[in-house]
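Labels for the chains are A, B and C, by order of writing; each one numbers its residues from 1.
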Amino acid sequence: MSLLRKMLTAPKGRSARLGRVFALVLAAGLAIGAGNGWAAGTVNILETGSSLLYPLFQLWVPVYTRANPNVRITPQSTGSGTGISQAVAGLVQIGASDAYMSNALMKMHPDVLNIPLAISMQMVNYNLPGLNKIHLKMSGPVLAGIYSGKIRYWDDAEIKGLNPGVNLPHQQIIPVHRTDGSGDTFIFTQYLSFSTPSWSNEINYGTTVSWPAVPGGIGAEGNPGMVTATKDNPYSIAYIGTSFEDAIVRDGLGIALLKNRNGNFLLPSAKTADAAAAVMVPKTPKDERISLIFAPGAESYPIINYEYALVKRDQPSQEMAAALRKFFTWAISRTGGNAPHFMEAVHFVPLPAPVVKLSEAQIAQIQ
Amino acid sequence: MKSLPRAPIRLWSALLNFRRLTALLGCLVAGVLLAIVGFLAIYAWPAVRLNGPGFLYKNTWSLGFLYRSPITVHGQTVLRGAHYGILFLIVGTLLSTLIALLIAVPVGVGSAMFLAEGVPPAMQTWFSFFVELLAAIPSVVYGLWGYVVVIPFLGHHVFPFMVKWLGFIPFFGGAAGSGYGLLTSGFVLSLMIVPLIAATLRDALVSQQAELREAAVALGASRFEALRTVLLPATRRVLIGSSILATGRALGETMAVLMVSGNAVNFLPNNIYTTISTMASFIVSQLDSALTDPTGMAVRSLAEVALVLCLISIIVNGLARVLLYYEGRQNARIV
Amino acid sequence: MGATAAQIRPPSTRYAGGRAIRRRLGDFLGWGLSALAFVFLGSCMVWILVVVFHRGASALTPLILTHITEGYGGGLLNAIEGTGVLALGSLLLAVPPGLAAGIYLAEFDFGFLAPIIRFLVDVLVGLPSIVIGYFGYVAMVVYFGWGFSVAAGSIALAIILLPYICRTSEMAIRQVPHTLREAAYALGAGDARVSLNIVVPAALPGILTGVLLAFAISVGETAPLLYTAGWSNYLWTGRLTKEPIGYLTYAIWAFITEPFETAHALAYAAALFVTFFVLVISLFSRMLLDRNARWRRES
């Protein structure tokens, strides 16, 4: 510091001083770089994507890296769209996504594996002052009507029809949707597409869809942004991953009963998710890319999905491949990452045994 | 004979003397701009051809059906249902900038007058410095402040009040919204650009010749009248130049707008409380989703957004610079 | 000069009657409104600072300075280090060419080239930073395959700093009296010697002010880094490519929208650091300028 002072307080200085400034800056830069050292033998795994899976990674990483100190994992909550795009671009080792990759994308990047790590659910949440304790009933067509701007007010006949006896206010509905590429958008719009033909024809599903213009509608970034936007805006409605259920309950927001394929209204729970998974798991193909949305069955919750890790089959180094195989094997095992205390904390459902087998077969392909 | 071995060095120094070296590096610095614009133009070209002029006046940004197989249009592979029109972005960008200017110009002129003439000379520097600090605060800190404090404040206390009492004015009525949106963006933007206007104008006012002021006072004008009727008009071109410069700043502002605009997609605002998106913030929020488009058309269309933004800001900045050069203030503030 | 004008009593006040009252009212209103404009700006400034410093201070713990980010909590050591690395890296890249370009514009400003360069550089200042970030992502991160990295982040930042350094150096160098150069040239010094040994040292305080301001900008920028530097929870291991790095402004943007108090605390603390640092640099560079101006007047 005193050197710097001396240099600055002497305006008559000569060019050597300028050189010294550079030397100082250079030395500082090098000192920082050298300070950390080039940690030998450490494997750096980058994970980015799904904000729904992120809370689980936040629980996993400290536990796993404590047991495996030579592995460093940086998880990032960016959205499934980011997870997909950065995994196929090779910018990260693990792309986390609630959505499997599309056929067209698979054709371009056939070396990317879609490995389910767990099963999650999605809630439909709302902020109706005074009514948040009541679980409102919602169906695919009604939600499609809200998100396409055909149903504008909370006391609309269609919402009232599903919820007789509830004193709904005459307030404009604020639909909140994701602005980032999102697996939550993917599974939510799949639910709307599978249950509502007009939505399927006009909007269809995807990690990003062309949201119809609804005046007052809000875009939010990530599940955290969805929770915050719903909390801050009375009379809003949103779709939020179940790993944020604790935040929803804490903020006093409502959780809707959703109409499933058999016409029953259900809350997201381990039981209803298991019921839906039981129907869909046998249909899971070898590459495990399948939608679990709108499953048949009386007790099947309509929006459940595999949480995917997108990984390249061919890794640049043996160490990286081995580290990834080890981490994934740990992550999907009932004694490791799929252990009940992890799953319950984020309200996920562990992978059923047949799916674990399929995932293990895919993990073995990482070389 | 003795000098022969040194000839190559001399040749070298003849080709690349100090003057040429600095000229070369100067060209490098300037060339960065051309490189970026050129790169964007080449990269966006397929999208420019596909989207046509409709890109600028249509109102749908849709990647299409991401999970269906792509089709071929005009020899290019695109997703079924893909449409790229950014009218809502252009409108959102221009309107938020307009609102920012409507706030920033009067406030900037007022504070420049106050700083130049209304403050004791000994304190002038520090008072001006205080205003200039507003320009030093990073964009993301403005965003944080806007997100945490301004949005709840405006959304819950000010906007409903404005709808009630000013609702008769066009675009002031209707739904008061949640605090995110056009007016909030414009307000935050105005604070970010006001120092530019205030500081440049203050410098111009202070550097006016004393004779002008003295002549005005001798003719019987009060100090304020001299300022308003003689000094201020004399700096008119500086005001216009710095306002255009500020416009350029507001058009390209990213983080603060991203955090307070509500990131609306595909619709035009129907009052000043409506949520919007701007081109700059849209690039941040959409780049990753665009990359999931297997045909790559979405990323190229986003490059076209960047190109349009780039061209607008080049035109605006170029205009401001020409005006300021003309005024002989080529050393006007750039920070 | 303001004083001389103030000392002259405007003759108008000697007249009585409605017109004089109206004019005095106009004066009063005019001063009032312009003072109000200043007070408005000042109070917004204070509002921002109070929010940032109050909430930031209550979020500060010793942990924040000594630990790396873990999930929604932990510290900001990784981000503080990353901000420093990126800022220094971008300065290292931007100062030499920026200063050289500044020398060219100030010293050799004849012919057609200098005005063109000056114009392009001025337009580059106004180029939205996200455009540079986008360029960096598509070109460096994806096309060159550097991944999110210190190299990509520093270069994107350096592009933003270049025009500032170039123009502030030019302005500082232009202030150096011509007699200095004439004396040096008369003694037989060449271009390089005159510029580097005589003119640049004389203009050093001004140049340093520009570099300091550029430093402040690099600490406060977000948009160009989001898609070039990425984010990392760990300390930098010294790799220039293929390893993302954390930085403070990302922590502000990303953590404030998370619905957890610990994440908010990190965002506020990061905002406190960034704002404090930027203000201190601004204050310091202003003092440097003042000192230089006083020194010039006295000598």
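Keep in mind that, in the parts below, contacts are C-beta pairs under 8 Å (C-beta built on N, C-alpha and C of every residue); 3 or more make two chains touch, one makes a residue touch a chain.
Everything numeric here is computed off the predicted structure, so don't read it as measured data.
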Ask   = What chain pair has the highest count of contacting C-beta pairs?
value = B-C
Query = Can you name the chain that lies farthest from chain C, using the mean of each chain's Cα atoms as its centre?
reply = A
Task = Please report how many Å separate the Cα centroid of chain A from that of chain C, as a whole number.
result = 36
Inquiry  = Please tell me the distance, in whole Å, between the geometric centres of chain A and chain B computed from their C-alpha atoms.
reply    = 33
Request  = Between chain B and chain C, tell me the centre distance in angstrom, where each centre is the average of that chain's C-alpha atoms.
outcome  = 16
Inquiry  = By the touch rule stated above, which residues of chain A touch at least two different other chains?
reply    = 89, 220-221
Query = Of all residues in chain C, which are in touch with two or more distinct other chains?
reply = 257
Query = Which of the residues in chain B end up touching chain C in this complex?
reply = 17-19, 21-23, 25-34, 36, 39-40, 43, 106-111, 113-115, 117-118, 121, 125, 127, 129-134, 136-145, 147-149, 191, 194, 198, 210, 213-214, 217-218, 220-228, 245, 248-249, 251-255, 259, 280-281, 283-284, 287, 299, 302-303, 306, 309-310, 313-314, 316-318, 320-321, 330-331, 334-335
Note = Seen from chain C, its contact residues with chain B in the complex are 1-6, 8, 10-13, 23-24, 26-27, 30-31, 33-38, 40-42, 44-45, 47-48, 51-52, 55, 96-98, 100-101, 103-105, 107-108, 113-114, 116-135, 137-139, 159, 162-164, 166-168, 171, 174, 190-192, 195, 213, 216, 219-223, 226-227, 249, 252-253, 256-257, 267-268, 271, 274-275, 278-279, 281-282, 286, 290
Query = chain C touches which residues of chain A in the complex?
reply = 8-9, 11-15, 17-18, 21-22, 25-26, 28-29, 32-34, 36-39, 42, 44, 46, 58-59, 61-62, 72, 74-77, 89-91, 220-222, 224-225, 227-228, 231, 244, 247, 251
Remark   = In the complex, the residues of chain B that touch chain A are 60-70, 79, 81, 83, 151-152, 155, 175, 177-180, 262-267, 270, 274-275, 277, 285-286, 288-292, 294-295
Message = Give the list of chain C residues in touch with chain A in this complex.
response = 70-72, 81, 84-85, 88-89, 91-92, 95, 141-142, 145, 147-148, 196-197, 200-202, 204-205, 208, 230-239, 243-244, 254, 257-260, 263, 288, 291-292, 295
